[in-house]
Amino acid sequence: MTDLAGLSSVLGAWYDFRDLNNLQRLITEWIADWGPDWLASIITGVLGALGILGVIGPTLLILIWVERKVIARFQQRYGPNRVGPKGLLQPVADAVKLILKEQLAPRAADKLIFFLPPVLIFIPGVLIWGVLPFGPRMSVADLNVGVLFLLAVSGTAVLVIFMAGWSSNNKYALFGAMRAVAMSISYEVPMVLALLTLVVFSGTMSINGIVQWQQQEDVIFILLFPLSAIAFFFAASAELNRTPADISEAESEIVAGYHTEYSGMRFGLFYAVELGNTLVVSAFIATFFLGGWWLWGLDQWVPSWIILLAKTGAVYFLLIWTRGTLPRLRVDQLMGFCWKALVPATLLFVVVAFVERTLLISEGWDTTVALPIMAVFNIALSLGAVMLFARVARPAPLRRPARIRMAGSDIGGLRAAREVAARREAPQLQVGGD
Amino acid sequence: MSDFGFHLAFWSLAAMTIGGASMIMVSRNLIHAVIWLVLSMLGIAGLYLTLSAEFIAVVQVLIYVGAISVLMLFAIMLTPRAERDNSQNIKTSAPAGLVVIMVMIATMWVAIDTDWGAVREAALTEQARLIGESLIKHYILPFEIGAVLLTAALVGAIALARQDDEDAAVHAASLQAELKGDGSVDPVDVVDPPLPSDGEVGS
Amino acid sequence: MTAQYDATAAMEIVNASAPGAACIDEGVLYLEPDTLAESIRTLRDSEESDLVFLSNLTAVDHELHFELVYHLQSLDLNHILQVKARIFDREDPALPSLTRVYHGAHLQEREVYDLFGIRFDGHPDLRRMFLWEGFPGYPLRKDFLQMPGQVRAGLPGFPHESEENAWPVPGSVPQRPLHPNDPQPEGEVVVADESEDAS
Amino acid sequence: MTMSDDTRLAMQGTIEALTAGDGSEPVVVNLGPQHPSTHGVFRLKVTLDGEIVQDAEMRIGYLHRSMEKLAEERSYTQNIPFTDRIDYLAAMSNNLAYCLAAEELLGVEVPPRAQAIRVMFAELQRVASHAMANGTFINDCGAWHTPLFHMFRDRERVLDMFEMTCGARLTTNYMRIGGVAFDLPDELLPTLEQFLADMPENIANYEALLLENEILHARARGVGVISPEMAINSSLSGPVLRGTGVPWDLRKANPYCGYESYEFDVPVGEQGDCFDRFLVRMAEVKESLRILRQVVDTLPDGPYLADVPLHARPEPGESYARVESPRGELGFYLVSDGGPAPYRFHCRPPSLINLSALKEMSIGGTLADAIVTLGSIDIVVGEIDR
């Protein structure tokens, strides 16, 4: 166990960039010396917000570049490489272009509701950063109901998306909005259940508490509850509208979904928040399942927020990877996957977590011995559940393999078709099937 | 927190809550009404926060803003367009309004009349634990009854949705009959015609 | 190789079920317009002809009459048959639709209706396809371009073959705006677009 | 109590919807003419009940250029560039079909080298066109352009070879009546050799990426199914027909340009769904490479163009020549009245006729399925509208 007292003595000075909380605390104390205390709370709040915006803004610009560059490499292209060194300024140029573009509104749009969403969508997008712990004491608000706060705030975004889609008076937009709403309320269930597993097992609803639990027990949650982690990853990528679950803005079907009618910087805001959400979700996945700012003692030497950013980057890369590789699922398939696969799986692990927690607490098992055993058991259980699902829930058309045969000398119509189909020899190509 | 900050927060949140609630009554468009409702709910959540009831505030946002309002939107979108207008008839809504006003007066009277003592500090720090314990230990029966009720509602919703499916089949059949009637190509026959040796194709 | 199906054999098949519905002219099978759909259905269903695949359906405007051309193909027996039908009514040309025989005739018949103005009775959805409803005239008819100067549509000949073929035909109305390099027509000429500036 | 006109109208609509059976009002959505996955200016008007397609109606003609009329005003040689623009993704095949029809009319004998070159370019065109078709098909399934860009690499190399030979990449105008316009340049054969050497590895990559992809299976299997009987009755051709299991390929059934002397096979599917069409195209690319290998090995010497006058006046008559274009049976029907220009110039467009069964394929599926089905048919709007 880390010596927290020793750590805080090291982290005492304002210039210690390992814990930027010191700086803020000094400012607060300085204001409290001369000003009224409400001023201190307002100024610290503003500082926190500025800090978040200062982090998100530049990160977003870099992220756009990273994402385009990585996707380009997947696709054997160079990606942006003209504006600035290595194309780094491309996002800036894009942003300037978007700002300068004319912002159109459909004549039949519900004007007020149409103008609000690009602004409103920023509120959950920024608020959600507030509870992200960058270090032991580095979060704007370390709520003891942080997990709930996270879910509540992310749930409100869907309302804004609905406003955008509905007010556009465009059928593509309405389709996108309804799909987004349906997706969101469905995928929130496995998301909540996956987090509930952690809350039950660690016994705290504070996000920092969950990280500290992982630090205390020297284990990261993805080892203990791998299926919950995977379910959370899927659910998060579905809530983020990223391929393979980007049905609410499925380009090949409904053009751009709920933001079809938004042009110029209004579209840019949606786009920015979407990217920002991707980043923050990566950060939360890293926090909940990969240990957050903690990495087996390395956080003593490297600033904790750099560890978190590194883990976030890894998860973010995973999100880009799935996006660049996979086609999109259909609406009903996504819904079916959520309700038939993710919800039972996460529910199972809530029960498992409850039982294991009870064993640990009431039976007083030694964690150093019990946790590895539980991890092995849970991993085996996850694999079994996945295999069972793959066997039971496969859709009917996928159970038969697709076959390609060679016609050879049989050229003709139905008669020749029957002859080719009746051939005994193995087909030229056979894919899929059970 | 000083009085000024507290008052500022309280009055702006109260204005938000009551303003949102009044706009629900005023707005003719049901979707606008839902959005005003959300604003009102957010105001209430803020009021909970000023009372240091973080847990309830967050749950308020999670359930009412994130779930209930979305449910309402779904209900509206599933309602035929003609019935989506806010009520236009003062004759039918007047008694309901009267009842609501009376209930409100009664509630306010009780609220003012009750002696709300100061809440103990310790109770606030572990709200989640206290609520959980009281739900599981003290109020286990109502809790379970609520759960059963919700399950029943869920099953009922599924049953209703199933019934719609049959209607859709009937609808499809009637459409087919219509298609047959006007002598055009019947898509069903066309899509899966019998083998040419067995009968005629596409006729 | 795809063989040409013998027109005489096809005529016999058709006439066996409906006498007089088919005849041969210069080696091409002509079908009576009134019983066209039934005749082609007979050809499709007959074991010998087995013409199950409608390869092509189009029309030709022969100025005095329209000729409908059907290319019917047997996949299993690998032979093709060209069938024609003539319509002499230029005011309101009509023909039975083949959509009940071949679903693939659906779009091709609409195309012919759109560009030739030939109606297909029994077609479930006979609307113009490429052009909009109300488009004046039917472009693939030979008289579509007929203008006051009585220009016959088509390329009259290569310019080197005779003086007459040099474009524009003297006295005719230009079909397109004159290019500065075009030989200027002599005599009285009606210029199509008077608002054209002296570019 | 007064009711607004809007309300009354809406109520009437509701009553209509209710009396029709279920309580939901169908939504009409226009896919196109400007839409990311209609591959040009194609418009599909779908009536949806929720996400389920109840009716699909196509509106075309946005790209109509009246080529058949224009061709009546131009000589036989002048018409060749039109054929490039009919199916601009398979210009070589269109050139070829038209030249075959004109040669039949004129009675021209094509020299063997020209025949081999024609086969070479027709098959290269098939590789390029199928690369585009499969790439955009995966895109319609919702992939983020990755397979498309990979396949475009191959297409790019084919287009480079076209450019090398005839100077144009897309609208090649390379075939002539009686042969081809230019002989092969010296650098073409080495480039082609390199291309043939590289392709197997590329194809193996695509197969590794796509064939066992569960999401692709879920999206394309059992979607847009059509029976072989219906496919034949609807005059479908090309991979759409072969996907249903009907082994019909004009290169085998009615060999032209000496296809009978090359060894290749005709792949057919089984279910007639979108995935089978995709697999058939993947397999056809391999067969095309086989043909190309043989063409390169047996390329004869000799003239590349028969002696045909540019100002040809064929005897009165008619001809109907068909080739197996990447999209299916592409035919040209020419009628001559002895004049310098065709009296009638008709193109049998496979893209248009393959759409005959689109409505039947889409009804009952979801909106997303309709898009995938449209993508699997592989349309080119230039050919549909002409």
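We call the chains A, B, C and D, going by the order they appear; numbering starts again at 1 in every chain.
Quick note on the criterion: a residue touches a chain if its C-beta (ideal position, glycine included) is under 8 Å from a C-beta of that chain, and two chains touch if they have at least 3 such contacts.
Note that the coordinates shown come from a computational prediction; the quantities given were computed from them, not determined experimentally.
J.: Averaging the CA atoms per chain, pick out the one whose centre lands closest to the mean of every protein CA shown.
T.: D
J.: Give the chain pair, either A-D or C-D, that is connected by more C-beta contacts.
T.: Here the pair linked by more C-beta pairs in contact is A-D.
J.: Can you give the whole-Å distance between the Cα centres of chain C and chain D?
T.: Using C-alpha averages as centres, the distance is 24 Å.
J.: Determine the centre-to-centre distance between chain A and chain D, using the mean Cα coordinates as centres, and give it in whole Å.
T.: The separation of the two C-alpha centroids amounts to 41 Å.
J.: So how far apart, in whole Å, are chain A and chain C when each is placed at the average of its C-alpha atoms?
T.: 61
J.: So what's the Cα centroid distance for chain B and chain D, whole Å?
T.: Averaging C-alpha atoms per chain gives centres 51 Å apart.
J.: Any chance you could list the residues of chain D touching two or more other chains?
T.: Residues 229-230, 232-233, 246, 248, 253 of chain D each touch two or more of the other chains.
J.: Quick one: which residues in chain B touch 2 or more of the other chains?
T.: Residues 190, 195-196, 201-202 of chain B each touch two or more of the other chains.
J.: Among the residues of chain A, which are close enough to touch at least two other chains?
T.: Within chain A, residues 411-414, 416 contact more than one other chain.
J.: Okay, in this complex, where on chain B does chain A touch?
T.: Answer in residue numbers: 1-2, 4-5, 29, 31-32, 35, 38, 54-55, 58-59, 61-62, 65-67, 69-70, 73-74, 77, 125, 127-128, 195-196.
J.: Quick check: in the complex, which residue numbers of chain D touch chain A?
T.: 27, 29, 35-37, 51, 138-146, 149-150, 153, 209, 211-219, 221-222, 228-229, 232, 244-249, 252-253, 265-271, 273, 275-276, 279-280, 283, 366-369, 371, 375
J.: Tell me, which parts of chain A touch chain D in their complex?
T.: Against chain D, the touching part of chain A is residues 71, 74-77, 171-172, 175, 243-244, 246-247, 250-255, 323-333, 395-398, 400, 402-408, 410-414, 416-417, 420-421, 428-429, 431-432.
J.: Which residues of chain D touch chain C in the complex?
T.: Result: residues 60-61, 64, 66, 68-69, 72-75, 230, 232-236, 246, 248, 253-255, 311, 320, 322, 329, 331, 333, 335, 339-341, 343-344, 346, 348, 352-353, 355-357, 385-386 of chain D touch chain C.
J.: Mind listing the chain C positions that touch chain D in their complex?
T.: 1-2, 52-56, 58, 60-61, 69, 71, 75, 78, 82, 102-108, 111, 115, 129-132, 139-140, 144, 153-158, 160-161
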